[in-house]
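Chain lettering (A, B, C and D) follows the sequence in which the chains are written, and residue indices restart at 1 in each chain.
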Amino acid sequence: MNLSGIFPALTTPFAPDGSVSILGVKENIRRYSTTGLAGYVVLGSTGEAVMLNREEADAVLAAAKEAAHPDKILIAGTGAESTVETIVRTKRAASLGYQVALVKTPYYYKPAYRPDTFIQHYRAVADASPIPVLLYSVPIFTGITLEAPEIITLSAHPNIIGIKDSSASVQRLGEILAGVPSDFQVLTGGAAVVYPALAVGARGAILALANALPEKCVELFHLFQQGKHEEARQLQIQLVEASKRIVSENGIAGVKFVMSQRGYHGGDPRLPLLPLKEEKKQAILSYISQLYPSLAPA
Amino acid sequence: MNLSGIFPALTTPFAPDGSVSILGVKENIRRYSTTGLAGYVVLGSTGEAVMLNREEADAVLAAAKEAAHPDKILIAGTGAESTVETIVRTKRAASLGYQVALVKTPYYYKPAYRPDTFIQHYRAVADASPIPVLLYSVPIFTGITLEAPEIITLSAHPNIIGIKDSSASVQRLGEILAGVPSDFQVLTGGAAVVYPALAVGARGAILALANALPEKCVELFHLFQQGKHEEARQLQIQLVEASKRIVSENGIAGVKFVMSQRGYHGGDPRLPLLPLKEEKKQAILSYISQLYPSLAPA
Amino acid sequence: MNLSGIFPALTTPFAPDGSVSILGVKENIRRYSTTGLAGYVVLGSTGEAVMLNREEADAVLAAAKEAAHPDKILIAGTGAESTVETIVRTKRAASLGYQVALVKTPYYYKPAYRPDTFIQHYRAVADASPIPVLLYSVPIFTGITLEAPEIITLSAHPNIIGIKDSSASVQRLGEILAGVPSDFQVLTGGAAVVYPALAVGARGAILALANALPEKCVELFHLFQQGKHEEARQLQIQLVEASKRIVSENGIAGVKFVMSQRGYHGGDPRLPLLPLKEEKKQAILSYISQLYPSLAPA
Amino acid sequence: MNLSGIFPALTTPFAPDGSVSILGVKENIRRYSTTGLAGYVVLGSTGEAVMLNREEADAVLAAAKEAAHPDKILIAGTGAESTVETIVRTKRAASLGYQVALVKTPYYYKPAYRPDTFIQHYRAVADASPIPVLLYSVPIFTGITLEAPEIITLSAHPNIIGIKDSSASVQRLGEILAGVPSDFQVLTGGAAVVYPALAVGARGAILALANALPEKCVELFHLFQQGKHEEARQLQIQLVEASKRIVSENGIAGVKFVMSQRGYHGGDPRLPLLPLKEEKKQAILSYISQLYPSLAPA
């Protein structure tokens, strides 16, 4: 299982009545099939997985699987707070045809969670999982950071194939890479550090931004692969700005808004995430029309 | 609805096979009925609510309701990440006979959540809820703090009757009390600050420690009510130590261990929360045998 | 040495040319002598000690000593980053007639500072100091918190008589009081928690707010001493608001502005601390004119 | 003034009696002259500037200037808490022949410091300084982070030539580089991210690690300059480990210990920084003997 390349952390589109738009899930994925993306992450943080109930989550997984081209790698977010529920979700994803489980850290009982907690949790999940496990550290949402020592320990497990580190710390990527086997796959979740992450040895990236600007994210990856370092650097600086204006400043609502502008099923996130205010929409529109002149307001 | 007094944030006992012990839920509550506790909080943070699936959560709510004496106030934890799911859970609790809904803040999408997010979320929940809503701010677990300004804004809603603030910040309690109507009920979640919280105007407390040491928590409340300030101070200092050794240092596992020692259904928490190590058990045992000589190791 | 009561952490007035106003130092202290304050802290955080060079600091210490009534306790802030410089400053303060040295934690090399660092530092200072040492933990400025275990360890030193804890954590005060000898004097630095701090066993308070509203701070202390708990509670709630509007929202500039309004030598702080903007001044003025109608704008 | 290359943030050696070793300062610099370092930073964080009094600081500056080869760029750390003292120190450094002033952010009054505070502070310093100013953001010690917007604003000042960002955030470097003029010089302070920092456009690095391992740091820079990306990546991973074991885990004491082993004047840091414990020394020795077999214990 080779995770090289760019994966979008797919958004989940909602219909105007607030229900999940299964049609939207499928149509988005069909359109992405032409962009050079390596596969799809379904039910990640950007997918509002924590906003969906069990039936909704299952429906999204099934729809995405149905729509995805068989050449694309399918990764399901399956992390829950309890070990047992994480295993339940992981098995369900495997039974639906997903190839990799992306398992975020438990995070509610922070004061009680120690490195050993995560080591035991991930080992239990990986032991029980029919599919390979990708660790997932996303401190911006969870308040929990997997640090290099526990990642290195876990990299010895035969069913743990890598990590998505969304901390945007290139230093931590280096610390991980200094200790894991060469086939342990490190992916970054930070669109603003894709190029430096690849430069220090990451395999690829799982990005919210790749919902909105898949072509540019893929282009950056290809420039790096081709050894075009100066062009990669310049595109990275452009994506630093894009990531800030779309993702950092506006979150999922910003990503979905750009998707809508570009013809994808975007829409609003689910409450309590608030829809974008009009002035935010105008600011984004003004910005992305520089990148895609066809999107410029008339 | 008068929330004066001490409420335990009930633990959820698990059977040896890992399933919820419905018998344990009921027997614990029946024993608590003799202790002077004002009521019970079911499915709070200490109740491992985030570890339970929907069916388990419903079963615990039903069992606790069945076992509770009708004079005791029943409060259900019903907060979920999405507004819609929070409303679903709140209505379910109401239909099961719960009198108050304790609604923790949403917390996953921290960078996107602003005061206005919480105000809109709580208003929507309170509008839809058949029972009064108690705000719940528990930054140690969620990384989110409700601050005085948004609490004061929300205190104007007729179906929001108070807040459980688990931050242990007596300063914040003062800031809240300086701005809310006099019938808005402020409860602390910090066993180490019950007396100073009462002194500045809190009505009571919802405590993990009250699972383990209900009599002492209730006694502290009564001393305060009777104006016995010096005795209250001395007991509070004792409970600072108890809270540190049992709750802060050992979490839910520590609370459950002391419960077991005292004849309640304690047991281990659910994974990834790890069971107490033997030396931790010995340290707690050695400590609590000072408080309850009958528990001293032979 | 009994530190019961309220001490202002004195501001340092500057002349229009930016130099220290020695006249202002003296006149402020002379006016405070009528207010019931127990003494004065010179060169604390509110005194902009870190903004003064050696000659300026010496001049302020000398002027304050000269102006202070002999019945008032004189405390000098003498903490520096290095142990040796802290000792130098402490000896200088003692030689100038100060009775207590308030020694803030070192804080620059945070990643290297451990509890043992502070224990060794304070022991060395206390061993060398001709006057008693008061520990000083002020995390809002230093990023360093002295925790109860190291404070309890240090409380055994015969020349360490207490601590000023400015964290506003009443819980920590309880943790300290649970472990120190009964003659170890705990003072709070948080005007918003004076009453609850006294309730759990603090001796007094060292307050920025006491520069601006000394009478009210002293009154709160007296109400507590007289066992007038409900009146103390009400005044405390009033001071929560005062502390927020003057100190928390406006810092030293806010304190100095209120001092100026009340006839003390206030003035602006030293750059890079910026002077108050006009709208902030109006907001404070509008607020404090409720407390002191004579200060209301015409 | 071209700051391309590697600069050590020089340590300050102390004699056994605790005084500054002026001989050590000079001899260290003379030895560094053969290593390919681009120049020297004197009185930075690693130089224990906050531990030195005025006379000691002046003596170190003078000694370093005297010993340095005229081709090397001399940078003096001149930041103080107050704007006026920062200007005094900057002028003194200029008068002693220093070419650039490295000015760390003020940091004590954190709650009062806003982006505008830093903008006004740095403009005042740069206006008054006879030599170019390098901004210095070092949150690990100060708790203050200069963010891209204020850095971009300040980059317009003709006497502010760049920034040393010690946050190790490659993302922030990208955000800075996306907004500053192309001649604004960005240097990283993080030895673990030198290569990715250069890859996104940094000019060079100012490193504590370059005291201990100057040759390796310089080699990394040269590999990057020569477009040898894979070799640079491999050496960077090696330096991630070195930086962790020497600097992150052991601080200035670790850097000085390795210096001593390699024949420089290292010694202990000044108290309250504690000397390395024996087991830490053995761990470092064991590690660096892999890098420099001649240092292996017999």
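Quick note on the criterion: a residue touches a chain if its C-beta (ideal position, glycine included) is under 8 Å from a C-beta of that chain, and two chains touch if they have at least 3 such contacts.
Please read all numbers here as calculations on a predicted model, not as lab measurements.
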Intersection of contact partners for chain C and chain D: none
For chain B paired with chain D, centre-to-centre distance based on mean C-alpha positions, whole Å: 49
Chain centre separation in whole Å, for chain B relative to chain A (CA means): 35
For chain A, residues contacting two or more additional chains: none
Contacting chain pairs - touch in the sense defined above: A-B, A-D, B-C, C-D
Interface residues, chain B side, partner chain C - complex: 168-171, 174-175, 177-178, 190, 192-193, 195-197, 199-201, 227, 229, 233, 236-238, 240-241, 244
Residue ranges of chain A in contact with chain B within the complex: 18, 45, 50-54, 81-85, 106, 108-113, 116-118, 120-121, 124, 140-143, 248, 251-253, 270-274
